[in-house]
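After this come two complexes, each holding subunit A, first together with subunit B and then together with subunit C.
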Partner chain A sequence: MSGLAAQVGWVARRSIRRSLRQPAIVMPAIVFPLVLLAVNSGGLEAATKLPGFPTTSYLDFAIAVCFLQGALFATTTSGTELAHDIETGFLSRLSLTPLRPVAVLVGQVAGAVTIGVIGSTLYLVVGLIAGVRIEAGPGGVVVLAALILLICVGFAGIGAFMGLRTGSGEAVQGVFPLMFVLFFLSSINLPRDLIEVDWFRTIATWNPISYLVEALRSLIITGWDGTALWRGFAVAAAFVVIGFAAARSALLARMERT
Partner chain B sequence: MLVTARWVAGRSLKHAFKNPAILVPSILFPLVFLLAFAGGLSSVGDTPGFTFRSGYTSFQFVFVFLQAAAFGGIFAGLGIAVAFETGFAQRLLLAAPRRSGILLGFLAAGLVRYMVTAVMITVVGLLAGMEVDGTAPQFLALVALGLVTNAAATLFSLGYCLRVQSVAAAPAMQTPIFLTLFLAPVYVPLSLLDGWIHAVASWNPLTALLEAGRGFISGAPDHSALAFGLGFALVAVMGLWAVRGLRRAEAGEA
Partner chain C sequence: MSERSGIEAEGLVREFKGGIRAVDGIDLHVAPGEIYGFLGPNGAGKSTTVLMLTTLLPPTAGRATVGGFDVARQGGQVRRRIGAALQEAALDNFLTGREHMELQGGLHGLTAAERSERGGVLLERVGLTEAADRKVGGYSGGMKRRLDLALALIHRPAILFLDEPTTGLDPQSRSALWSEVARLAREDGVTVFLTTQYLEEADVLADRVGIIDRGQIVAEGTPAALKAEMGQATVEAEPADPDDVERTRSVLARFGEPAAAAKGCGVQLRGGPDQLAEIVRALDGEGIRIANLQLHAPSLDDVFLAKTGRSLEGAASEDEDAEPVPV
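Take a look at the complex of A and B:
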């Protein structure tokens, strides 16, 4: 086990160092969600006057979206980095070493997850400074952090699968719009019960992203909402399981070819 | 000059229409925004004080229509950066009898591409229940506003790409456009914005364009002269920026 941990640590250190050394990866992941938060919380503040809106501050409502956007960047970062390693032949050389596939996979996504976690910490600090109140208290912050970490890991797993499957950074970037569509067709901008258009509400109800954002949001604006939390954790765990199972299978297929 | 422009426009359009990876995102993104904003945020139209008479879908349609114009322009201008990376632009600069025709060609290609996107957005908007209370000339005025916005964005993009000569310029160009777009009254009218965003949106030139466009679609034109004045001024300034970029590229200063 300690051997496996050492292997994961070695690959993870490289992945984290490489990701953090690229401002072109780090900066958009941190700045973009904060800019959107500022713009949307100002532009949609009027929506809080709608009957049934769950809070009087759109900032409180919108900050959960930042965490998901940060995780979305984890998807493309992990996929692009893995694809880069395939394109340069690094992964092929790695497969000739005694490193276990699971160590390669877990270690490789560490950089993307680290950026996601750093970004989320910053969003939370900026949000608290701007006046966000976490209704669930300090315990809620801990649960929020755990859920964000799980979401980042799950999304990074999906990104790793895409990177391993396509072996092309460009192709991974091409999948970004699809993830983007998934985000916008959810309850990120309004609670589902306030979405008037039937087809949109149906899509948002079937969209797993809605349950992630609603779980994060519940800790901020409601307090402790067991239903929202179990659904959010279940969806995040499903992303982790599906993402890493698919990525492991793609990695084994690629190593076999090597 | 026109021969060069026609050749560059033809080549650029052929390249775009043969590569779905280039064309599809510029059509898909505005459609997603339209569906997400008009569908997901429709109840924002019930906010007290929201009095736009043509409904929330039409209100958002105008934003998406101008947003597609701006981002379409950025992508169209990016074509010259790709040409520099492949070495084609250098050969084009040597071969073209009138180099300003290159700018004109990319500009024309950008406008054609935008028209395709505009038709798609309009069809989807109508299917989604968009109401057009304005007359046909007023709707054409909205289209003209989109074309002016697209021209200004394409010239901005061309000027930037002629200086940087790399596709890596894309995020740096998208950021100011994105900020200008979203620091306007996107979700609700200016009168319903409060605080710092109201102050910024009041000074944002895109606000006048948006209000004029929304006036055209609702049949109650508002700030039309100001919007077109600002639009043509932007085209003139960005045209100068693009021409100076071309001169720098000719001189090999980039």
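Take a look at the complex of A and C:
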């Protein structure tokens, strides 16, 4: 096991180095959610006047979206990096070492998740400075961090699958707008019970992203909401299981060594 | 060096979708410590063979052992014994040369002390000590190839696979890489399986050469033996005065059988290329002034031409990109 852990460490270290040495990619991905947060919390503040809106601060309501966008960054990072390794032949180089395939997957995802978690920590710090209050208290911050981590891992697994399946960084980037559409067809901008258009509310109800954002939001706005939390953790865990199972299968096909 | 450091293959086949046979039943025997040159045009099946022998691609039929282990069933043991620099120097442009050595050494299970010592030695040997802490993205093609070679050697492999290691390199870098490969075989006893499309490379570097065309080995032997099969060297002489052609022909006739010549007259040397000096002296003795004198020794291209009916250069452009790339 220590051998596997060491291998994961080597791959993750390389993944983090690569990402941090590409500021042109990392910086927009980290700054963009903060800009969106500033614009939304300023421009949509009036939404808090809607009857039944769960908080008087749109900043409290909107910051959960940043965490999901950070996780989305982990998706594209792990996907494009793995696709890049396939395109350049680096995966073949790794395949010629005693490296176990699972170490490639876990290491690459660990690197992407690290970057996602760094971004999320930044969002949280900026949010707290800007006046966000975590209703669930310090314990809630710990649970919030755990859920963000789980979401990042799940999304990175999905990204890894896309990268391994397509072998093309461009293809992975091409999925990004679709993921964004999926985000906006959820309850990220408005609580589901305040969405008046039936088809939108139905899609948002079936959209798993809604349950992730509602779980994150519950810790910030409501306090301890068991239903929102178990749903959020269950959806995140499902992303992890599905993402990793699919990515593992795609990786074994890619590393078709004997 | 262990005796279990050779390469054997029997009836090795790799078929791709659509029934394309990139490798079509090749047999190989590479002795420990030997440099084996696998020569052929683009798309001949060289890289597919390397991918199979390095366990990255399962054979469709036939069997092969590398270092005494079956490539299809004992991939892990094979990989522990081999180093490989594949066709593209797959490096990470955002890592330094030293970081590459660290990563490769770490994945092979070397300790920190071993990684540092071995990495330093290899970087120095390939002339990259000064550039070791620069990102690889700033390296030249030759530097990348040399780093690729150093990475392949980090775990002291008994068998080294080099897939077209000098393609695209300038003559100086090519020469430096040849020297290092030759040193590895002669001093360290490493078995080297080298693919190339360069005649000169196979001629200079390889102990034995296998010529592959359209997935099949069409000739195999030492470069000297293969060329000897093509017959003796010929000399073409063109006298400065066209009236001296007959006299020139009679002088040349003393050294062998007449041979065709584009200009002047030619002879196939009975005693080999060493006779050239004698010919010059004989012509001078007869007072014949020579405008042009050429020695034409059989080349591996002549061997390729004889075996396939095409020249290697012509085949290269004809079969460009014909070799399927596994995805």
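One rule holds in what follows: the second predicted complex is superposed on the first by the 256 of 258 C-alpha atoms of A that agree within 3 Å, B and C clash if a C-alpha of one lies under 4 Å from a C-alpha of the other, contacts with A are read in each partner's own complex, and residues count from 1 in each chain.
Note that contacts are C-beta pairs under 8 Å (C-beta built on N, C-alpha and C of every residue); 3 or more make two chains touch, one makes a residue touch a chain.
If you're wondering where the values come from, they're calculated on a predicted model, not measured in any experiment.
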{"item": "When subunit B and subunit C are modelled together on subunit A, clash or fit", "value": "fit"}
{"item": "Contacts of A:45 with subunit B and subunit C, given as first, second, both or neither", "value": "first"}
{"item": "First (subunit B), second (subunit C), both or neither touched by A:185", "value": "first"}
{"item": "Angle, in degrees and to the nearest 10, that opens at subunit A between the C-alpha centres of subunit B and subunit C", "value": "90"}
{"item": "Where subunit B and subunit C come nearest after superposition, their Cα distance in Å", "value": "18"}
{"item": "Subunit B and subunit C contact sites that coincide on subunit A, given as residue numbers", "value": "none"}
{"item": "Of all residues in subunit C, those that touch subunit A in their complex", "value": "54-58, 71-73, 75-76, 78-80, 82-84, 86-88, 90-92, 94-95, 99, 103-104, 106-109, 135, 151, 326-327"}
{"item": "Of subunit A, residues touching subunit B in the complex", "value": "24, 28, 35-36, 39, 42-47, 49-50, 174, 177, 180-181, 184-185, 187, 189-190, 194-197, 199-200, 204"}
{"item": "Subunit B residues touching subunit A - in the complex, by the definition given at the top", "value": "21, 25, 28-29, 32-33, 35-36, 38-44, 46-50, 171, 178-179, 182-183, 185-188, 192-197"}
{"item": "Subunit C partner contacts - residues on subunit A that touch it in the complex", "value": "3, 6-7, 10, 13-14, 17-18, 21-22, 88-90, 92-99, 167, 256-258"}
